[in-house]
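Across the two complexes that follow, chain A remains constant while its partner is chain B and subsequently chain C.
Presenting the complex of A and B:
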């Protein structure tokens, strides 16, 4: 045990480990806040679609030679998020189909561009790092840390300020409209916030695993709690715990950071599923 | 709930300030300023990435590192660049740290075979070649 503590003490001397924990906790907080809304709105897979859009935009930024790819990635992802949530209500192309279309389309275009116009000698490593996160959370700069703090603060403040309206829009848009809440405007707001969270989360787990960060904490909490507030709070706690445990475990045991966090989320889901089953049996008796 | 979240935000801000305040990372071991052999592979990969990304912070430090020995060849007939290769946990990315042995060793006699695990100690430095900045460990020794 003391050996493990010594190791932690040693590792915490490195700024990048502290940065990873700060950013990891913030991303986990933001993604779990939105996860509940997205799962309830039947948009669980939007995270996957938008992360592929961000991957495609990153490829374009690299080909164009942008030094700060955020300038392109963020607006493109926000526009696609808005389009996806809008076309979700369109009868011609249903929500799941449009997410799938944009998801595979952006992934294919991104990979094609990276191959046609390679910006480094090791394309497979670049692709692997973007898709699976690799060690990107452990290679953050101080600027990226502060950017994550600022964007996370914006996400949390928006969630606090518009909590009641987001709640209303999440459960029944027609009812929300009839009570004077502009459901479309709040859908746009949710879309923009989702895009911000996804671009941030790409650093943590990579674009292929973002959905896990959004879905698992919310679903785990829903197994045990039945009201929106309790589910949201529980989801945040689960997400932060899994992200912290995943990051610490991966640096100690030298496993890939992203998949380790996702496995922690899966394990937590299994635990909450069992607790939920026991609770429902007790209630029946 | 709002008070709770605002408190959490303030705490996060303070935590971030604390995390960003101390820039120094030293894992010293006697005469060695940065002993990477004490770290796990994920940590080593990340630290080597940082060394290459921000070399000015590491110039002059004596570094000990372990990895797979490899050699890259230049355009000139006798130019070669021995290096230690470090892979990340996903095994798709790797970082190479070039080193220059003490004295005037001849290649391949003074070097191990490619693919062999080596431990190298040397002083971190940068140099310019064809207008590009490169990093290496100078006055290096293969200790294992």
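Presenting the complex of A and C:
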């Protein structure tokens, strides 16, 4: 045990390890906050689609040679989020189909661009890093850390301030509209916040695995808890716990960070599922 | 001055008119039933009254101090709600949001109003239960309590009894009647023509022909006799 602690102590002397942990926890916090709303509104896949858009945008940024790719990736992702939600409402192409179109389209274009205009000699490693976030969490600059802190703060504040209205819009859009809450405006707000979260989360788990961060904690919490507040709080706790555990585990055993966190989330889901099943059986007796 | 009066109202969506030349008034204390065949425009009329879609022409005038967002709406249930993790109290209090302006959190007044309406709908003891675990009738009462949090003046019910068994249906109608007797105006959209004739004092029939007037006049009108299929003698 003391050997393990020594190992942690050694690792935590490096600033990049501390950065990774701080940013990891913040991302886990933000992504799980909106997960409940997304799952309930049947938007789970939008996270996935948007993350592919972010991948495409990142490829473009790399090709153009932007030093700070966030400047391009963030607005493009937000715009796509807004477009996806807009088309979802009065759709010629149904919501899920347009998400699928945009997501694979962005993926293809991104990879194509990276191959046509290679910026480094090892393209497949680059692609792999963007898709699975293998090392980017450990190579964060101080600026990126502060940016993540600021954006997470914004996400959390928005969520808390609008919590009651987000609940109303998620539960019943028609009723919310009839009482004068502009449901569409809140949908757009939710979309924009998701886009921000996704761009942040790309650093942690890479663009292919982001939806896992968003939906698993929410689904786990929904197995056990039965009111909105408890589900939200519980999913935040699960998400932070899994992210911390995943990062620490991957440091010791040197597994890739992103997939380790996701596996932790999956394990947690299994545990909560079992607890939920036991609870409902007990209630029936 | 009526609470809601519609003049030469045409409703529908951009491309096509669903119903036109609607003229009617809803007065305080009315029990107003909207009947008609499927596709006659009942749902479109609701959306127009709620301000979710704009009327194509004509006008809707709100009177007697009724503001547009003071209609308590009881919508039909959506798929999303069936597995939604929310407690009864959370759902009911969300009806209070309309009167809160830009305040982000609920205060004492909202909590009190939610408690009162939970009591009124006979839901005491269920506050912490999950909405998705309730029976259909209980769920409707929760949504009704939420509508009452939004307003005491006028409630708009969209097929309130669809999917409920006869006993629960009767209970719900009783509850609505009580609210109406207490001074709340009720607008009800219904397939259940029997109940509409029994409880409502005003009927709006929309479709190829339009009727608006007292329930007793509806029963002897030609259109009413055709629709109720009874020659106009008695209900049923």
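Keep this in mind: the second predicted complex is superposed on the first by the 284 of 285 C-alpha atoms of A that agree within 3 Å, B and C clash if a C-alpha of one lies under 4 Å from a C-alpha of the other, contacts with A are read in each partner's own complex, and residues count from 1 in each chain.
Throughout what follows, a residue touches a chain if its C-beta (ideal position, glycine included) is under 8 Å from a C-beta of that chain, and two chains touch if they have at least 3 such contacts.
These numbers were taken from a predicted model, which means no experiment stands behind them.
Asker: State whether chain B and chain C clash or fit side by side on chain A once the two structures are superposed.
Answerer: fit
Asker: I want to verify one number. Taking the Cα centroids, what angle sits at chain A between chain B and chain C, in steps of 10 degrees?
Answerer: It is 170 degrees after superposition, to the nearest 10.
Asker: Quick check on the superposed pair: does A:282 touch chain B, chain C, both, or neither? Answer first, second, both or neither.
Answerer: neither
Asker: If you count the residues of chain A that each partner touches, which comes out higher, chain B or chain C?
Answerer: Here the partner covering more residues of chain A is B.
Asker: Considering only touches as defined above, state whether A:21 meets chain B (first), chain C (second), both or neither.
Answerer: In the superposed model, A:21 contacts chain B only, not chain C.
Asker: Does chain B (first) or chain C (second) touch A:231, or do both, or does neither?
Answerer: Second partner only.
Asker: Identify the partner contact of A:142: answer first if only chain B is touched, second if only chain C is, both if each is, neither if none is.
Answerer: first
Asker: Once the two structures sit on chain A together, report how near the CA atoms of chain B get to those of chain C, whole Å.
Answerer: 9
Asker: So which bits of chain A does chain B touch that chain C touches too?
Answerer: 160, 229
Asker: Can you tell me which positions in chain C touch chain A when the two form their complex?
Answerer: On the chain C side, the touching residues are 50-52, 68-69, 71, 73, 75, 78, 80-81, 83-87, 90-91, 94-95, 97-98, 104-106, 128-130, 132-133, 143, 146-147, 150, 156.
Asker: For the complex, which residues does chain A have touching chain C?
Answerer: Per the touch definition, chain A meets chain C at residues 40-42, 160-165, 167-168, 170-172, 174-181, 222, 225-231.
Asker: Please name which positions on chain B make contact with chain A in the complex.
Answerer: 1-2, 5-6, 8-9, 12-13, 15-16, 18-20, 22-27, 38-43, 45-47, 49-50, 53, 88-90, 92-94
Asker: If you look only at chain A, which of its residues touch chain B in the complex?
Answerer: Against chain B, chain A makes touches at 10-11, 13-19, 21-22, 25-26, 29, 122, 124-125, 128-129, 132, 134-135, 138-139, 141-142, 145-146, 149, 152-153, 156, 160, 229, 233, 250-257.
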